[in-house]
Each structure stands twice: as C-alpha cells, then as structure tokens.
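One chain, subunit A, links the two complexes that follow: it is found with subunit B in the first and with subunit C in the second.
Coming up: the complex of A and B.
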C-alpha cells in the first residue's frame, strides 16, 4: 500500500518529503488522472503522497517590496486568473486552462512540477523571467523557471524539495505591447495545441528596449531564446519590417515540434509576424489581437 | 378540455430527474452480495493465446473464461451474425477482445489481480487500415480475401458502355475516420439470479437483442433470461449490440458463481475498448457527356469492419443504398465491401452507414461542380430526386420531396447566393451547402420479415394506461413522444399515460430502438392500439389491447438481389454552414448554421429541436475535431481531453426549419428523424472550408493542422 500524508505545516511537509520521498499533491488534476485505475479503485501511485492543498504557507498572491510578485505554489488557476496583481499574460493563460472545475483545483505549482510542454502557465511565466523557490529542510534556493524545467516532464527538483513560491520580477519598464494566443483543441475545456506569448517595450525614440517571445507546445519544453530576442533590442521599431524575414527564419530554428510540425511552425511564424508587424505600426492599444 | 396540436412542446417526462442529477443509473444500483468484475482483454491486435497465468486468487475471487461455458452452450454472441465470441479461446483478432472476467467483492483487489494476470501470445502481423485489410496483410483471416460481406447494385445501362460513351470522367476518393459515441453514461450491465431466471440490468437500446444474443451461451430458453433496461444516459448506436459483449460474460459468470455481478466501464475503457463508427473509403467515378451532363456513376464503397462481422453487413447495405444521396443518376453501379481488419469491431452509430457515403456524394457534387465551373447548388438542383423517381435499387421515391422548398428556406435565411458569390474562393470566408436523406426503419421488408413488432396498451381501473413496448428511452425523448401519441388518441392528460423502462418479461417485443424506426413504426403501433382501446375505454375497467406490425402495400423488396424499395420512406435534410478560417492559426470559426428537415409531421417541436441541435453539432464535430486514430491496433485517443467533441462554445446557435409533409404510414404523419439530422452538416462544413481556403477536402476530420498542410502543399 502507498502511504498518504497530510502535513499541517510546511515545516512538517518538508520533513515528510525528506524522510519518505512523498510527492506533493494539491488539486490532483494531473496525478489523480494519470494514476487512475478504474471506477471505485484507489489510484496507485509509485511513491508516497502528501496532500498540501491546505498548507497556508503555499497559498496566496503578494507583491514584495522590490515590486516582484510572489505566488504561492498551491494557489489555484481560478485565484490567479481573478487577481489584478497578476501580470496580464499569466491571467490570460490561467483563465483558459481546461474547464472551470479544473481551474478551481489545479495549482500553479502543479502546472510547473508536471513540466508538460503543453502546460499553460509555464509558457507565460518563462516569458516574464519567473523563478521558482524550492524549499527543503536544508533551506531554500531560487531557480529561473526556464532552467528549472529542462525537458518534457523533466525538472531540477531534488528528492527532498518542494516548490513553494513563484516569483515574477517586474520588468524595467512596462511593456508597450503584449500578445497571448492559445490554440486549444477546441474553444473551451481544451488542452493547448500551440501557444505564443510575446511582449515588447519601445522607448520615446522608437527604440526597442525589451522584446520577448515564448512558444508553448512547440517542442519538448517551452521555447524561449534570449540571444535571438536580443537581435531586435536596440533596433528602431520602424526597422521591424526589414528585420522580420531573417528574424522569423531564426525563430523557426528554436522550436522543435515533434507532432504536427508544419502546423506548429507555420502558425508560430504567422503569429509572430503579425504581432511584430502590428507593433511596427504603433497602434494605440496595448494588447495586440 | 381543448386538445393541443400534437406538435406543441411539452416538458419531457425525464427532464427534471436528469437535469437535477437525481436520476439513478446502473452504477447507482447495488444488489445483496453483489460482486464487481473487470474484463481481461487481449493486449495484442492479432495472435494466438499461448498461456494465461492467473495469479493466486483470494477466497471469493474468480477468473471466468470460455471454460466456464457449460457443454450444452455455445461460445458465441448472436448479434446479426454469430461470429463474435463471448470469450476468446485461442485466436485473438483485436486489442480489447474479451478473454476472461475477474470477479470479486473488492474493486481494489480486482485491479491488483488484473495487473498481475499475465497472458502470453504468439503474435501475428495485424492489418489495421482498409488498405492493409484489402491487401490481406499478415494473411487473410476471414475467407481468403478478408472480405466479410459484399454487395453490388445497378441501375440503367451497363457501366462499361456508359464510360465508353463518356466525353469526360471525374473521379475522386473520399475517406472518413473512426468516431466514438461518447455517450455520457458509459457501458454498464449487471446480472442477477431471480427465481429460476437470470435478470440482466443493462444500459442499452435493445433489451430483446441482449436476450437473443446471450441465451445460447447457456442454451436456455429466452424466458429464462429477463432483460430490464436501466435508465440509459445516451447511446447513439453504441448500446445497440455492444451491451451483449458485457452481458454475455456476466451471464456465464453468474451461472458459475451464483451471485449478482456488475460491470461498469470507466471512460477510458469505454473509449479504448468499445465499438466505433466504421471508417470508410468511397471512390466515385462519374461519366460526363460533352455538355457536362452526368451519364452515370460507378461507386466503390469499402467499410472497415474490424475483427468480427456483428451487424456490419446491414451497415454496409445502408451505406450502399445512400451512396447516390438525394440524386437521380441515369445509370449507376455501386459495389460495397466490408473488410476484416484487426481493429475493435465497428458497429452501429447514428446514421448506420449512411453518413459515410452521403459525405462522399456531397463532396463529389461540390468538386464536380467546380470541375464543370458551375455553382454546386445549381448542379444539385438538376438531379434532385422527386416523387416517383427511380432509386439506386430500382425502387421508387414514395413521398413528395420538398427539397426545393427546404433549400429556399435555408438559402434565403443564410443569404447563401450573395455570400457564395461575394466570398469566392480562397478569401478565408466560405459558405457551403449539403443535401441529405435517411431511409426510415429497417431496410426493405425487414420490419415485416425480421422484426414483426408488437405493442400493447393496458388500461387500469383507475383510468391510467400503461404503454408496454420493448422500445427504450436513451435521451432522445421517446418516452415523451410515445406518451403524447397515446394521450392524444385516447384524449387523456399526459400524466395518465405511463411508459416505464422495458422489462422483457412484461412487454412484447416492439423491435430494437434503432434505425430511426421508433416514432415511425412503434409510434404507429401505439397509435393503432390506442384507437382500439379508445372504443372500449369508457365501458371497460381493466383490459389490454395488443397490435402487430402491418406492412403497407406497394413496397416490393427482394433481400437477395437488393432490388425494390429499400425503405418505406425517407426523411430529408438540407444544411448551409458558413465559416471563417483564421489567417494566423487556421482555426475554423463557424459563423452560421442553417438547416431544414422534412420529418413528416413533428410529434413534439421541442424534441425535434433537441434532435436537430444534437445531430447537427455531432456531425460538425465528426467533420472538424473528432479524430480517433488507430496505431498498430490501439486507439490513440482514450479520454475526453484527447478525443475532442464539441462544447456549446464551438458552434453558434443554428437556425432550424421544418417542412410539414405528413407521412401516410406514421403516427400523426411522423417519420424517422433521429439519424437524418446527423447526415449532412459535415459535408456543408467541409464545402465552406474548402471554398475559404480554395482547396479540395475529401477526408474528415479536417482539424486546423490538416488545413495548414492543404494550404502549403495544395491538393
């Protein structure tokens, strides 16, 4: 029989984690489905489980003194989607995850820990340079999310660690234009077939001071390439049309879709091209649709 | 009391219990001492079972297999053919074939036993696709050719002669995929002993089918098996024959163990290990004269039957008989084959073979029109069947065909002609139209020769009347429809009429709830019985009347040559669908749906609306997103998050019209419609997308990734 623990504090959870290797389960929307064995049958997990959905230390959304946002790992998608503190991209992704019932249970920590390339939240969090805080009885460490998830279903989480917080830094200047598009398997209650998150900051002189793009479900992990992004930074927004062909060709190289490659490559290219072309026209709205 | 017209909508008898969640289904039922069961299934698509290593069973746990069938019984399920075994003995033909049952009181223990049970096989090379089946990949396993069933029908001149005369020939191949029923309630059956009989409780469409199918396993008379339908949460054909596959092994197990046993599939079992709609390949070759008139069509239809025949020959026949759609073609030859493959057997699904060939002929008419540089609707209008037209079985269209009026309704409402011209081709916007029909009830004289349905009404001394038939409510609203028919004839309030889920020991056999026959045929039986009862209602206290099916005169049919009137009447439909294809993501947004149907005279406008909405959206799902792939014998999609059916967000509200065209032999002029409404929106959707992207679409489903591939590579 597999043991199940229900720790009352984070401290207790870390000890259980250390001693038994128990894995945290909060909403269970991934684990309970993945390990189900039929009606009326207890799921069979290959490791002990601890239920962390009631740990206060892991729940909540707060602004920190340096302006970063801190989201507890057991905070649900519904809570994130509804919070005005949360950056737009993350709220958009949160509000489109699965169905309402799933969003009421699924947590940001679970979505990160599951490390699916189709995960909705990591795509936007990686765009925003978010980090995860990992706690163990030994202490805490902070890892950039883009490094933490290093492959499909692969993370740097150690056997004694728990994801406790997600830190989203505030960009140096607010983004001038933003883009988020999820292509789901249908219009609601859908898994992501492809997503593109993007943001750009342009100064008074028309110079691009920040540009980012991240692609979800287009390879074994969320695709983001800062070196490629940097090729647009420092350029004038008016020059985008002339820079686009080579930029798009290079962007195509950073994604590596296994299934539906033509679809994922073509749609990614079209979306990026559209976003950047629209941006070069300097529209009044911040959200490009 | 002033009588309401029959079509006036009433609240469904099952509405409140189902909408409020208080309705009990089979999985809510328990019996004293009830055991649970899990199916032990083949994990390979083709091979020979070498050894079954059953783990040591705790007390009270059992492994049931073909060895538990008594010597006087036969290891076969009698669907239409008798080839599908209750338990595999030696050979396995598909992934998921029943090998045994594990039975016991604790479902956790059963799950562990299932994990520990090891079967070793000698694996053989499987044939999965239609082409692999036809090529006898791995060697034929049915006859010498893998052809399970075959038929050919002809009209007019010999095909060779027609094609010799042709100025031009237009030929294309059309394909449709597997489709999963996704009934809300999964397959569920329980078996208990009551006195000297076995009682089967089943979520099922056809209680009498189950009784017939399984009695031979124990070689016992039909009256020793009682089937009680439990409230059925959707079926769509998936519970026509398939409940036999659960009920058979349970009967053998209860006979061996002597305790009640239930089996409820979970969703992934229900998707991976249940019957599907037949995948199809249809090749249509049209001979044209120098003016572009159609001289004849040579049509080749192949359906993927899977590992066992079950009812597939009948499905194939319906496919062949619908292969020329709503059109009168001067000369035709239609050849149909059902090919054996190592996939889960294909079976009944709303439309029963007609949707596949109707998709093909509708796409063909669109592409043919484009080939001829003509408008697709104009071309269709020239060949529309009319009253008295010859059908492709050399029968005649009996009723007035109101398609011209229906086409006008939906082309006016959708502004079809303006949009068709304005959008052109390749603009990202498109509008398409499709026409379709569906032959009501069993093929030919099947209602007379095979079914001979009965219906009984019983009046109690308190004035209430019971409807006693074997027909079932499965969500389509039949309990409401039938009660309305009886109430209307007897001039009673609806609440005076009872119609419970059938019990085969208490009701006569009115035939299966299938083939869009229930309202048309069983409704008529009840109307006739009610007319007889009405004469005696005021003067007698407690009595019953029973009627038997009477075949109308003037519908000759020869089931050996497939010549004559294939159906007693058709429902007719027309659909316009308008779409916009997203320039960035190639996602298709459906902007409008306009449909018109001839269902005779409606028994209840709200029930009709429910069927129209559900059928049309199910058809659009089939066309756009319902992709079920079979890789090496295994269905790849096994959950509702990877097998995608539409939600209410995916398609807009449709505008739905009816034409009144009372059917002489149906109750209050009604005819079949439950399947009709599935038969054509798919083709209209494809034509709209086809125009929007200026590419031919010959295969469904057509998800955005396929649209992009077509955009990039062309046809």
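Coming up: the complex of A and C.
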C-alpha cells in the first residue's frame, strides 16, 4: 500500500508535496480510473498520493481587482458551468464534460494536470490566454497555460509544486462572436474526438481587432498559433471569404493529429471555415451555432 | 496506512478505519453491507454506483473514501426509506421501468437528483438527468415515463 495523505490545509499539502513527492488527487475521475484494478479492488498507484479535493484554499471562483477571473484548482466542472462569472467558452466546455455525476467530481486543476490533448477545459482556457498559479513551500509562480502543457501528458509542474489557481484575463474588448464545438461519439459521457474554440472581435468599421482559435485533440497538445491568428487582425471582416483559402491552408500546418489525421484535419478546417464565414455575414447573435 | 474517516451515511454518523484509497463504492457495499449500490463499469461511465454526496449525485467508483470525511452520503438503501424514494420506486414498478434491474438503483438516484432541482422536468430534461446512467435492457423510454409519473404523483414532495 502506498502512503496516502489527507492534508487539512494548503500549507500542510505543500510540505507533504516537498517531503514525499505525493501527487495530488482531487475528483479522482482520471486517476482512480487509470489505476483501477478491477471489480471491488482498490486502485494501486505507483507513487504516494495526497487527497486535495477538500482543501478550501483551492475551491472557489472570484474576480480579482484588475478584472481577471481566479478559479481555484479544486473547483468542480459543475461549479464552473453554473457560475455567471466564468467566461462563456469555459462554461460551455464544463457543461459538456462527461455526465452530471462526473462533473460534480471532476476539477479544473485535475483536467489541466492530466494534460490530455483531449482535455476539454484546457482548450478553452488556452483560447482565453489563461495562466496557472503553481505553489510550493518556496513561493508561487505563474505560467501561461499554453506553455505549461507542452505535450501529451507533459507539463512544467515541478516535483514540489501544486496547481493552486487558474487566472483568466479579461479581453481588451468583449468578443463580438464566439464559437465552441465538441465532437464526441454521444451527447453525454463522451471523450472529445475533436474540439474547436474560437472568438473574434470586430470594431465599428468592420475591422478585426482580435481573433483566436484553439483546437483540441488535433495533436499532442492543444493547438493555438498567435502568429497565424494575427494574419487576420487588421483585416476587414467582409474580406474573410477571400482570405479563407490561404488561411485554412496555413492552419493545416499547425495541427498534427496522431490518429485519423485526414478526418481531424478536414473537420477542424471545416469548423473554422464555418465560423469565419458566418461571422463575415455579421449575424445578430453573439454565439455562432 | 489505515486512516479513520468519519462521515454521515443515510442519516447515521459512521466511522471507518481503512485504506483511504479504497473506493467509496467498496466501503458502502462491503463495510456497511449496503449492496443496493451496484458496480457496473467501474470507470464512471454507467452510473450504477451513483449516490448523493452532500446533495449532489456522484459515481462512487471514482471516489476514494479518504475524500469523504465530513460528507453526507445518501445511498439507494437510505433513499428507499424516504417518501421521495418510495414515490420514485413505486412509479418505476408501476411504469414497467425495470427489466434486469441492475441499473435501477443508479437510475432512482439520478431521478431523485433531478427532481430535487427540477420537480417538474420535461421529457428532454429527464433524458438529460439520466444521461450518466446506462441501461442495456429497456431502451430508456419506460424509465423516462416512470420518472414523469413519479414527478406527477409526488407533486409537492420535492
């Protein structure tokens, strides 16, 4: 039996993490399944574990003085989906994860720490330029989520650190149009086969001032490329149809699907094409269906 | 490394001293003999092991008992003693919702969870409410109709 710790405070958790290297387990929806051993048998982990799901310091959603949103790492998908403070993309992704019973357990910190390219929350958080706050007994550091997850199941987390908070900055201007699509085998309890999150901001003159897209499950990490996004910024939204062919050809180069590449490339580009074509028609609703 | 864990189980204050990584599902079934809660898939997909934890539905196959300290757990064996539980179970029986029966404890828990937040759900809301529960016999229609019947008969209970 591996050592298991149930710290009562974050301070205690950080000391345990430093001294034993115990890995945090929150909702258990990934780890308890990954290390299960069969009917009626207790999961067995290759490293010490500490259960952090009840640490009050890690739970909650609040706005910071500069207008950013701060979400505690042990906040569940249900809590995130129900909070009006949370940006639309993240609420959408939260409300479509698994089923109700899973969303009541699964946490945002776990979804990030697990670092699966199919993770639903990282795809939308990376779109919004979110950062993670990593704490250790030495102090805190903040890392851009897009840098933190650098490959499939690979993060910059150090052996003495715990993910404590997720910070989502407020965009300079509210997005004009937003899009989120998750493709799975069924409506409930489906692992994402492919996802695309996108947002665009258009000024009074029809000029694109912000455009972002992040692509989930289409490569070893969530794909986002700011240089490519920037090629549309400053252009008039009416010119999108003429810019699309070369934009989509370039987008194809930033995704690297490991399996079913043809399907993933085609579907990703079709979603992007649909979103951009729809917004060029300037529909009245903010959410592109 | 055994740890003592105190929690509330079906209204009773209880305590277990055990490996904190044991699944809540196994503690409920083995230590307390409450075998109404079933193990189906063991990976959070089927909903057969559902209980209410602090009033919210969860799948117990994914929860280590070490995360349960201080929580209020209600299983099917507790729910069946309540007016709400009896109303749902009778509606399931009268509505022909049950074939093999293995998924039914989880379905009843999901129905209770749904009716608590939405006492008069539409058909679509019922289908969403049980979307985390898999039944391989019925095709779901009679379960959905039986939850609507429970909602009607139990008007004012939730």
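Operating definition for what follows: the second predicted complex is superposed on the first by the 289 of 289 C-alpha atoms of A that agree within 3 Å, B and C clash if a C-alpha of one lies under 4 Å from a C-alpha of the other, contacts with A are read in each partner's own complex, and residues count from 1 in each chain.
What we mean here is this: contacts are C-beta pairs under 8 Å (C-beta built on N, C-alpha and C of every residue); 3 or more make two chains touch, one makes a residue touch a chain.
Keep in mind the model is a prediction, meaning the values are calculated, not measured.
Of the two partner chains placed by superposition, subunit B and subunit C are both touched by A:38.
In the superposition on chain A, A:270 makes contact with subunit B only, not with subunit C. In the superposed model, A:248 lies in contact with neither subunit B nor subunit C. Using the contact criterion defined above for the overlaid structures, shared-chain residue A:25 touches subunit C, although it does not reach subunit B.
In the superposition on chain A, contact is made by A:187 with both subunit B and subunit C. By the touch criterion defined above, A:15 reaches neither subunit B nor subunit C. In the superposed model, A:100 makes contact with subunit C only, not with subunit B.
Comparing the two interfaces of subunit A, the one with subunit B and the one with subunit C have residues 33, 36, 38-40, 42, 98, 187-189 in common. By the touch criterion stated above, subunit A contacts subunit C in their complex at residues 1-4, 6, 25, 27-29, 32-33, 36, 38-40, 42-43, 45, 49, 51, 53-54, 78, 98-102, 104-105, 187-189. Taken together, the subunit A residues at the contact with subunit B in this complex read 33, 36-42, 44, 98, 181, 183, 185-191, 193-194, 260, 262-263, 266-267, 270-271, 274. Interface residues of subunit B, counted against subunit A in their complex, comprise 27, 36, 38, 107-108, 110-111, 264, 266, 268-269, 583-587, 625, 639, 641-642, 644, 646-647, 649-650, 704-705, 708-709, 711-712. In the complex of the two chains, the subunit C residues touching subunit A come out as 1, 3, 19-23, 26, 29-30, 39, 42-45, 47, 50, 53, 56-59, 61-64, 66-67, 69-70, 110, 113, 128-129, 131-133.
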